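In order of appearance the chains are A, B, C, D and E, and numbering begins at 1 in each one.
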Amino acid sequence: MTDRKPVDIVLPEVENPVFIEGYPGIGLVGHIAGNFLAKELGMEMIGYVESPFIPPMALILEGKPNPPLRFYGKDNLIVAVADVYVPPTLVNEIVRELVGYLKRTNAQKVVSMGGIGIGFRKEKMEVWGVGSRKELNEGLKEFGVKILQYGSIMGMSGRLLWEAGREGLSAYVLLGETFGDRPDPLAAANVIEVLKKLLGIELSTEPLVEEARAIEEQLRKMHEEMEKARRTAEKQYESIYL
Amino acid sequence: MTDRKPVDIVLPEVENPVFIEGYPGIGLVGHIAGNFLAKELGMEMIGYVESPFIPPMALILEGKPNPPLRFYGKDNLIVAVADVYVPPTLVNEIVRELVGYLKRTNAQKVVSMGGIGIGFRKEKMEVWGVGSRKELNEGLKEFGVKILQYGSIMGMSGRLLWEAGREGLSAYVLLGETFGDRPDPLAAANVIEVLKKLLGIELSTEPLVEEARAIEEQLRKMHEEMEKARRTAEKQYESIYL
Amino acid sequence: MTDRKPVDIVLPEVENPVFIEGYPGIGLVGHIAGNFLAKELGMEMIGYVESPFIPPMALILEGKPNPPLRFYGKDNLIVAVADVYVPPTLVNEIVRELVGYLKRTNAQKVVSMGGIGIGFRKEKMEVWGVGSRKELNEGLKEFGVKILQYGSIMGMSGRLLWEAGREGLSAYVLLGETFGDRPDPLAAANVIEVLKKLLGIELSTEPLVEEARAIEEQLRKMHEEMEKARRTAEKQYESIYL
Amino acid sequence: MTDRKPVDIVLPEVENPVFIEGYPGIGLVGHIAGNFLAKELGMEMIGYVESPFIPPMALILEGKPNPPLRFYGKDNLIVAVADVYVPPTLVNEIVRELVGYLKRTNAQKVVSMGGIGIGFRKEKMEVWGVGSRKELNEGLKEFGVKILQYGSIMGMSGRLLWEAGREGLSAYVLLGETFGDRPDPLAAANVIEVLKKLLGIELSTEPLVEEARAIEEQLRKMHEEMEKARRTAEKQYESIYL
Amino acid sequence: MTDRKPVDIVLPEVENPVFIEGYPGIGLVGHIAGNFLAKELGMEMIGYVESPFIPPMALILEGKPNPPLRFYGKDNLIVAVADVYVPPTLVNEIVRELVGYLKRTNAQKVVSMGGIGIGFRKEKMEVWGVGSRKELNEGLKEFGVKILQYGSIMGMSGRLLWEAGREGLSAYVLLGETFGDRPDPLAAANVIEVLKKLLGIELSTEPLVEEARAIEEQLRKMHEEMEKARRTAEKQYESIYL
């Protein structure tokens, strides 16, 4: 466990890539967005992260085994997704290797997607963002992104923003507002709407909106059932004791 | 504890081996199936895993000491069994060394056996499976195996499937449905029935079916005794208080 | 995670620097003072500490990402601040690298700023200090600093004082008295007043005094509200039960 | 803590040694038997295990310091005893070094002594055993040892049996039946009686039998006192409340 | 944290040193005795233990920073003191380096000072001791030391006794009897009285006896106050309820 590098990035050399990261975090916003992008854009798995410190597992997708930390690719677009929680020290090692790759291949853009927990709901859930250089924020503003002036960004997204920026790459973090207590496809859709403008790509986020509606409908029914059950119980109680 | 490799696979070079893994997991399905195969096919212990991170112990079998992680062999068949829980990082290192061996010896097939907990009982408990390449699934279907389209396979089986497949080997995971709360020889028998077709080997799983019947009979008697005791207690209660 | 140095100090070679450390500690005195200095003196971020053992994160300040352990610089002044807790072994490694840098660049002065918890309040909160050589204490006394004759200084400040002193550098620790239960801008102001004399620099600590007043005012109001609520509750109680 | 070997066996090269291990375990059977052998046979301390991972301590015996893991020797007999619990990874390293030594010196026999907890008492407490090769079991049977056909032997004894056997050495484990809740000199005596036959050595185990009687007598008295106290308390209770 | 030695002993080469160790332990006996010796004999700090695994801190003494594990020296006398608890593995590494130094410089005597908890008080608290060779015990007896025939000596003192003795050095452990529940300057004085004879040095332990009296007086007053308070409370209780 000692002589080898703790982390290996197995990934073909894509020239001038656009790199998008969607590791799990609050509301699973990045995770949902990353997997949605890979599927809707018809991307193929082209690489993975290899490390003895990643839990042993295979993720079966469409009847085929996949490693838990993997990269999808199409043309010069790369999307990174993860199906397991990645511990802090491993995040640092992955970012280190990744940024080496992105610098070597002269990446155009590096975008981290995630959520920002706000603990309440409102009509229009916003997308917050910040770039690795101040001039990048101007571009984000034009796409309706609220600029994060002060705050801390933890994990993969924070470290990638800082290290990619340090190497002169154009890096962004996009954080969709989310209540924070459940997987939130709507927040993922909001982030992807910004991404579409930022990268000039086309795809419909309608399926995510549908998924969000389905989740809400399911929760609404659950509440209704519980309410009905409560009333029935109350009536029984009354008929017996009053 | 630093300069040596964390794991050594001590195993003679078997040409074009068929490798079968049966490490402990839910319902002990893989463990039971692996040991049953080794015994019924009259296999000999031919190797073992050596590591300072495996708990110190010897397993005594038929009055002879054995290492806790060992390989049985006969002709070109190799079965891997374990008598201790293997921690995640060690699993990764073992798979790494194993896949090196299997590639070097040009393995024909790599099969992991295990259980899949379903939490209920039904007339016909199925066997689920997945291969390292999509075309392998077609073969499995013909043997009555239900193909796992989505899901995660943890531990030795998952990692071996992915890494062996990555190296171009034909790898399979076979998971017998099991309730999940006790050792399940019947699930092991179901997995072995598939294995017989997949490898074209002959052996009767009747002893496992017998063992399963014995376990159920024992549990049935235990329940009966408890029921009888409950009724006696009830009658005593009635005769005293009512 | 093994072959590289555990800590790298990324910092341009400033000749004869004056080095000031303000890592987090009791009352956040050093942290507040360090950030205040950097801002009020119009310093730029000029370096950072790089380590796989620092938690992955970016601190966003004025819409720009920053690493959690960083250095601000202007002319020959360097201020070190941290936004995360730094574990003991990492402190030792950072000090080791830092002192190598400070010796190589022939540092004029090395000053650690922090708090000393006294658990009560008094008219005039003092600043305690100690130098790496006895003659340095004489200078501190002239600036109204009480000399710490006996006691232990934990963490970054203690280690830096000892190691810098060992290498023949002129090192100081300045500790502002603080109650110890809340962030204390006033204690930070007291420390900076000494620092101004020690380094011969000019800046007003009035903003810190203002901030302290604002915190106290806020706490006073909170107490008043609570007192009012208590009295209302008492009256209600009386009107009901008496 | 990194460049050196984790464990060093400091032991003179004894040709064709008979090696006996008595590390602590259930009923302290091996520990008691090992120390008894060393004392009764008038053996001298001739070596020890050196490791930075052994707790720092000296054991004072007859006014002289001793290391906690040490070897006693006389002629070609070596006895290994330990006064501290040895963690699993260290056991593996010690066995590795020991077996290297025993192979190099062409050991005649390697015998581990220990206990086997049975949780009840019976007229004749047996000694169980197993050899590293099946033919060794025949010899044990002739000495009245019950052969362990199935089971697991944890710790030093299990690992040593397996590794010594793997290297072609004649290794044995002897386990004296013991209740399992207290130090058991009688079980140690039973093990030594077998050892006398196996090695053809002479010594009386009467002192161990005496020690066992003394322990039992002490426990019996303690019980009697407690019983008397209970009766007195009962009488007082009766005289007051009835 | 990997390539360097875990521990460095920074200490000038003193020829034929007499080495005295006073690390913290029960009753702080060794700690008190070590610091008292250094102060009363007018010794200077001449060295220290350097390690990334020692907690970061500076101890301020007479207005000067000191490292937590340090050596005082005068002529050929060296006293080792510590202000922090030293974890077991670090103790082993320090002893290893120290014994290398002591052998190289051909140390005359190596003396560890500590306490032995007896849990009661008696007229004359004894000093127990043991040497690394049996003939050394004869010398100790002449100074009124009770020889420790059986027992274990944990930590720095035990390891140093064994390792120094192994290298042929004349090593001693002196343990002053102490109740064990508080710092005990009297036990330290008792140990130093033996040390004076053993090393042929002159100093008065009267200050330690004074310190002990002061501690006892303080405790006596505290008890008196508590007793008085108890009686007052009792009287109030009586006047109210009886």
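The criterion applied here is as follows: a contact is a pair of C-beta atoms (placed from the backbone, for glycine too) under 8 Å apart; a residue touches a chain by one contact, two chains touch by 3 or more.
Nothing here was measured: the structure is a model prediction, and the numbers come from that model.
S.K.: Can you give the whole-Å distance between the Cα centres of subunit A and subunit E?
M.R.: 58
S.K.: What's the distance between the Cα centroids of subunit B and subunit D, rounded to whole Å?
M.R.: 36
S.K.: Touching two or more other chains, which residues of subunit D qualify?
M.R.: 2, in rising order.
S.K.: What kind of graph do the touching chains make: line, ring, star, complete, other?
M.R.: Contact map by chain: ring.
S.K.: Would you mind giving the ring's chain order, read from subunit D onward, with subunit E coming straight after?
M.R.: Moving around the ring in the direction of subunit E from subunit D, the order is D, E, C, A, B.
S.K.: Which residues, counting only subunit A, touch subunit C once they are in their complex?
M.R.: 2-3, 6, 88-89, 91-93, 95-96, 130, 132-134, 137, 147-159, 161-162, 165, 173
S.K.: What part of subunit D is in contact with subunit E in the complex they form?
M.R.: Of all residues in subunit D, those touching subunit E are 1-2, 52-67, 83.
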